[in-house]
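Two complexes, one shared chain (chain A), two partners (chain B, chain C).
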Partner chain A sequence: MAVDMGERVLRRRRRLWIYLAMTGLAVFFLFPLVFMFVSSLKPDGQILSDVGGWRAFLPVGDISLGNYSGVFDRVPVGRFLLNSLFVTTVVVVAGLVVNSMAGFAISRMRWTGRGLVLSVVIATLIVPFETIAVPMVYWVTRLPTLVFENGWIAYDIGWLDSYEVQIIPFIANGFSVFLFAQYFSTIPAAIDEAARIDGAGWFTIYRRIAVPLSGPAFATVAILTFLPAWNQYLWPSMVVQDEDLRPVMVGMQYFFQENTAWGEVMAYTSMITLPVLVVFLAFQRAFVSSVAASGVKG
Partner chain B sequence: MKRKSLSIIAVGVTAVLVLSGCSRAGQDSSSTSGEITMWTHSAGNPGEIAVYEQIIADFNASQTKYKVVQEDFPQGSYNDAVTTAAAARKLPCLLDMDGPVMPNWAWAGHLQPLGLPDDLINSLLPTTVGRYKSTVFSAGYWDAALAIFARKSVLDKNNIRIPAVDKPWTLDEFNAAVTTLKASGYKTPLDLGAADKGEWWSYAYSPMLQSTGGDLVDRNTMKSAEGALNGPDAVKYFTWFQQAFENGWVDNAGPIGNQRFIDNSVALSYTGVWNAKAALSSVGDDLLILPPVDFGKGPKIGGGSWQWGISAGCKNVEGAREYLKFSFQDKYLTAFADSQVVIPSTVAAMKASQYFSDNAKLREFAVLSQKFALARPATPGYPVISSSFEKAAKDIMSGAEVKSTLDAAVRAVDADITSQNGYGF
Partner chain C sequence: MAAPAVLLLLVFLIVPVVLGFVLSFTNARLISPEPTSFTGFDNFVRAFTADPTFFRSVLNTFAFAAVVVPVQAGLGLVLAILVNQKIRGAVAFRVIFFIPVVTSIVVVSILWKFLYQPDGLINSFLDSITFGAWQGTAWLNNPSTALTAIIVLSVWQAVGFHMLIWLSGLQTIPGELYEAARIDGAGPWRQFRDVTWPCLRPTRVFVLITITIAALGLFVQIDVMTQGGPVDSTSTLVYHAVRMGYRQQQIGYGSALSLVFFVLVLIVALVQRVLTREKD
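Let's look at the complex of A and B:
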């Protein structure tokens, strides 16, 4: 009995230390976010003078919402948020469909050149986007498109200044295809064979069997597609000229004039981080389980 | 289930139509005859945009033949947007550009000669007119200027002579002043803005090199930097530059801007007119706007700010010129100057400015601009010259051997000029 008590106390102490360590780490990782939110309430001079001390993390001094009203004076933040939301949603949803179908075809179907195609898909992973940005600009300026002119649909050349130029190049993604292919390959082939005996075609197998069994893979790809799509900066800076089409990250540049408006930068980053935080908090459990299940680190 | 799917599709389609409808509206109007598209780098700068909007509204109301339509870009991504649009042959009619970039864009065929009347061009400050091979390609509403900010009380207390435009500090005097200020308790007495990056380095520090006798490139031929950027004068200047950091007179710590001077953690701040208003409201009558140091060949500061040009493919050239002529009215130049705290490009606009008229608080900047401003070399190779200069200066700041670092910069500049067949010089 005494041994049991001792063990229980020891276990409690160990748990206490673990929780203390975890709380410490959580606070440590929260520092940047706390600094951002707190600084968004301070004037520029105070932000700079508070840096280097604990005051940087505390809402003390000359606190106001002035930076937030300044953001609205400087940037059409609502429009930018709407644009990013639209572009990101379409890229994620279309990406899930296209890449999962490609992954399914590579993983489950038997066709000549399958291995070669998979190799090419993997090879695309080692090419940084920055190295192909300029050639991509060259291509998108020469692609055909339809535009509305004076009530008529007209044929035109060039995708600059549009939503499609922000969406279509980023739907197909080598890493997503590879991840889906890997995940689908863990589903026993016997299930396919049973379904085919029952008269199912490849699309039915994909839709009725592979997709429902691959929740973690879909969640992982959704996260890994969402973040870069939301954070797009270089590409829209190059190909979007109309302010009405710009995404949120391009808006960051609005604050870097001869002198940087740091308070407004913090207010703006707080505003554009909020949707990401909401998504992560809402789907936290699914994200953690999906990342654990797929073995992918973000 | 089916109804739910249809609802989702309907919402999606509506979103696409609403969003694309808004976005296409701009493109519809761009095809209208007589429309003049105009790009600025001013997104995020409400004061500057307000003046542009006023000029455009006045111009559009003053006639019926042309209609100017403005699009604003953030400065950080502006050059990328222009370069991309040039590749796609979608440049606007009117576009602004940083002065030293103009020759490159003119050489690349993005611009056409400005074609404004001589009397208008001659009325502008020389550094606000962009010439490439003697042809005017751009003109600006304002110029900026650098100066040394100081507190009178601090200089008096340390028995340091207050320099004047007619009698600036010599290098020996300046070295002695900084040494005295450091001994008086300032950890780093001087802020040169070395935490900044990009064009600031050439804009701020190449005038010191020129004041010593060196330069970024041989301006007589524009074909080599040999001797100009790595000659004895250049080595002398950069040796001083390196020692200023080694002696602890200056550092490359942030923040960028003038906050350390306002906080009185530095005694002298080498910065621009754009910081003067804030300094004036913090320091008040104790603020001194001092001329740059004479390194031996007379004081120098950088000249040439943002200017306007007309793209080579502009279909409404006459309209674009009409607009530019209209926009160079003194009242608009004064409005820009007082909104942005920049030096207006005509004497008449200067006289009407609350900051730069004869007895105004920031008048000294206009004097410095008129007396000491030197434009950066008007060559298409300037972007490579500027980045090579920045790299060399940063390496030297960090302790690199001066002569060999400058030789490497000269090799980079000359290799670029050679690879472009001398850029037509």
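Let's look at the complex of A and C:
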């Protein structure tokens, strides 16, 4: 009995310590973001005078959405948001199609060069984008493009300042191909054979059998490609000068450089953080399992 | 059916890698009246002998990685162990610790730049817990604190990701192992040392390698917060490569610096292969 009691007290004390540690860490991870959202609602003078105490984290005092309308008055942030939304959507959706088809071909079909393609795909995984960013700028200024001029299709050189330069290089992704290939290889081969006997072509098998059975793989790839596409910064900051084509992250850096009104800066950062945060909180289970899946490389 | 992906990878990954290698040995510029010519190892000789900023950038990159890798991996493991406890609310804490990861690093850099200001939140906080003894400092304008300040926010932003990787490693460890250890009288520390740690070997290699490669590629924080300053104290390899290759339009030289970065990444990847081979 005495031992039991002792153990229970011990366990309860241990649990208390764990909660204390986790609460302390939660404060550490949340305080900058709470401060950001709260400050976005305050006039500049009040942000600075509140900084010394608890009021910095509370929406008190002169609260308004004035900073938000200020941002819209100063820069075409709506346009930036639409640009990022468009680029991100196309990168994610086209990526799902292109990479799943490649993953299917690699895992289910037998063809010459399959082994070579698989090893090239795996080799691409160790190339961080930063290593090719500089030569890539040189490369895209020399790529041909088609332009529409007065109803005619003309031929031009250089991809700078366009949507395609923000989208096309990021559609194919070695890691996505690899994840799809792994997932498709878990579907029993007997299904393919039965479908082949019934006269189905490979594309039909892909579309009618592999895709409908692979929802989790599609969700994982969509989540893992959505975040980097939305957060693109280095690449568009080099190849997009035109304000009409500028994505949110680059737009924010320009805004930040030209502006020391912290309330408006915080309103801008809050505005582009909130949608992602809402999506994350709504699908947090899917996010967590996607990240866990990205660990399979090891 | 693999054709579209293969073609895109070829044009936008393999060609740029090869091109970067070739351009490293030229004096190519983005826009140049003169034709590009081969200059042999000139770019590398310049980097290693005539460019003090490059030297400083490499040192800063290594210093950053040397601190971030153990701190981020260690803190990630602590977080993973905490949220892996079977107690109420663990999932909520897991979500909270992961929130900075879904926040853009550009947003995070701007936000922390504000926190680090002389009259910002961090100085005010230090001032109030030391009852006014703290004089306040401009963290990012001081060469001796700037890199440390960037390390703190980098770990803050990314550690949640590695918490989840550790967590998925922890969850593969069979519960019977812990039960057996407990029957043998092992306390929490012995259980960690003799069960958890050895079982996490594959996860450990993966976590260390991914953090190392990401740390060596440090760019956005620098670009948004300090532009490499003050006096090059926060310039990094990738930042310097972009500054020379793109901003100063010296594509050849910038490619050579990128190649140096790539070689570092390849060495790390090679170490990973050796470490994971040993296991088999």
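Some observations on this one:
Going forward, the second predicted complex is superposed on the first by the 219 of 298 C-alpha atoms of A that agree within 3 Å, B and C clash if a C-alpha of one lies under 4 Å from a C-alpha of the other, contacts with A are read in each partner's own complex, and residues count from 1 in each chain.
The criterion applied here is as follows: contacts are C-beta pairs under 8 Å (C-beta built on N, C-alpha and C of every residue); 3 or more make two chains touch, one makes a residue touch a chain.
Owing to the predicted nature of the structure, the values given are computational and were not obtained by experimental measurement.
Once the two complexes are overlaid on the shared chain, A:Asn231 sits against chain C while remaining clear of chain B.
In the overlay built on the shared chain, the residue A:Tyr138 is in contact with chain B and with chain C.
Of the two partner chains placed by the overlay, only chain C lies in contact with A:Thr124; chain B stays clear of it. Contacts of A:Ile272 after superposition on the shared chain: chain C is touched, whereas chain B is not. Between chain B and chain C, more residues of chain A are touched by C. In the superposition on chain A, A:Leu48 makes contact with both chain B and chain C. By the touch criterion defined above, A:Leu82 reaches chain B but does not reach chain C.
After overlaying the two complexes on the shared chain, residue contacts for A:Phe175 are found with neither chain B nor chain C. Shared-chain residue A:Gln253: touches chain B and chain C both. Annotation: chain A residues 48, 137-138, 141, 237-238, 253, 256 touch chain B in one complex and chain C in the other.
Taken together, the chain B residues at the contact with chain A in this complex read 15-16, 19-20, 22-28, 31, 39, 43-46, 71-77, 80-81, 84-85, 87-88, 90, 255-259, 262-263, 272, 274-275, 278. Residues 15, 18-19, 21-22, 25-26, 28-30, 32-33, 35-36, 48, 51-53, 56, 98-99, 101-102, 104-106, 109, 117, 120-121, 124, 126-128, 130-139, 141, 168-172, 174, 177, 202-203, 206, 227, 230-231, 233-234, 237-238, 249, 252-253, 256, 262, 265-266, 269, 272-273, 276-277, 280-281, 284, 287-288, 291-292, 294-295, 297-298 of chain A are the ones that touch chain C when the two sit in their complex. On the chain C side of its complex with chain A, the touching residues are 1-2, 4-9, 12-17, 19-20, 23, 28, 30, 79, 82-83, 85, 87, 89, 93-100, 102-108, 110-112, 114-115, 119-121, 124, 127-128, 156, 160-161, 164-165, 167-169, 202-203, 205-207, 209, 213, 217, 219-220, 223-224, 238, 241-242, 245-246, 251, 254-255, 257-259, 261-262, 265-266, 269, 276.
Remark: chain A residues 44-45, 48-49, 73-75, 82-83, 86, 137-138, 141, 147-150, 158, 160-163, 237-239, 241-245, 250-251, 253-260 touch chain B in the complex.
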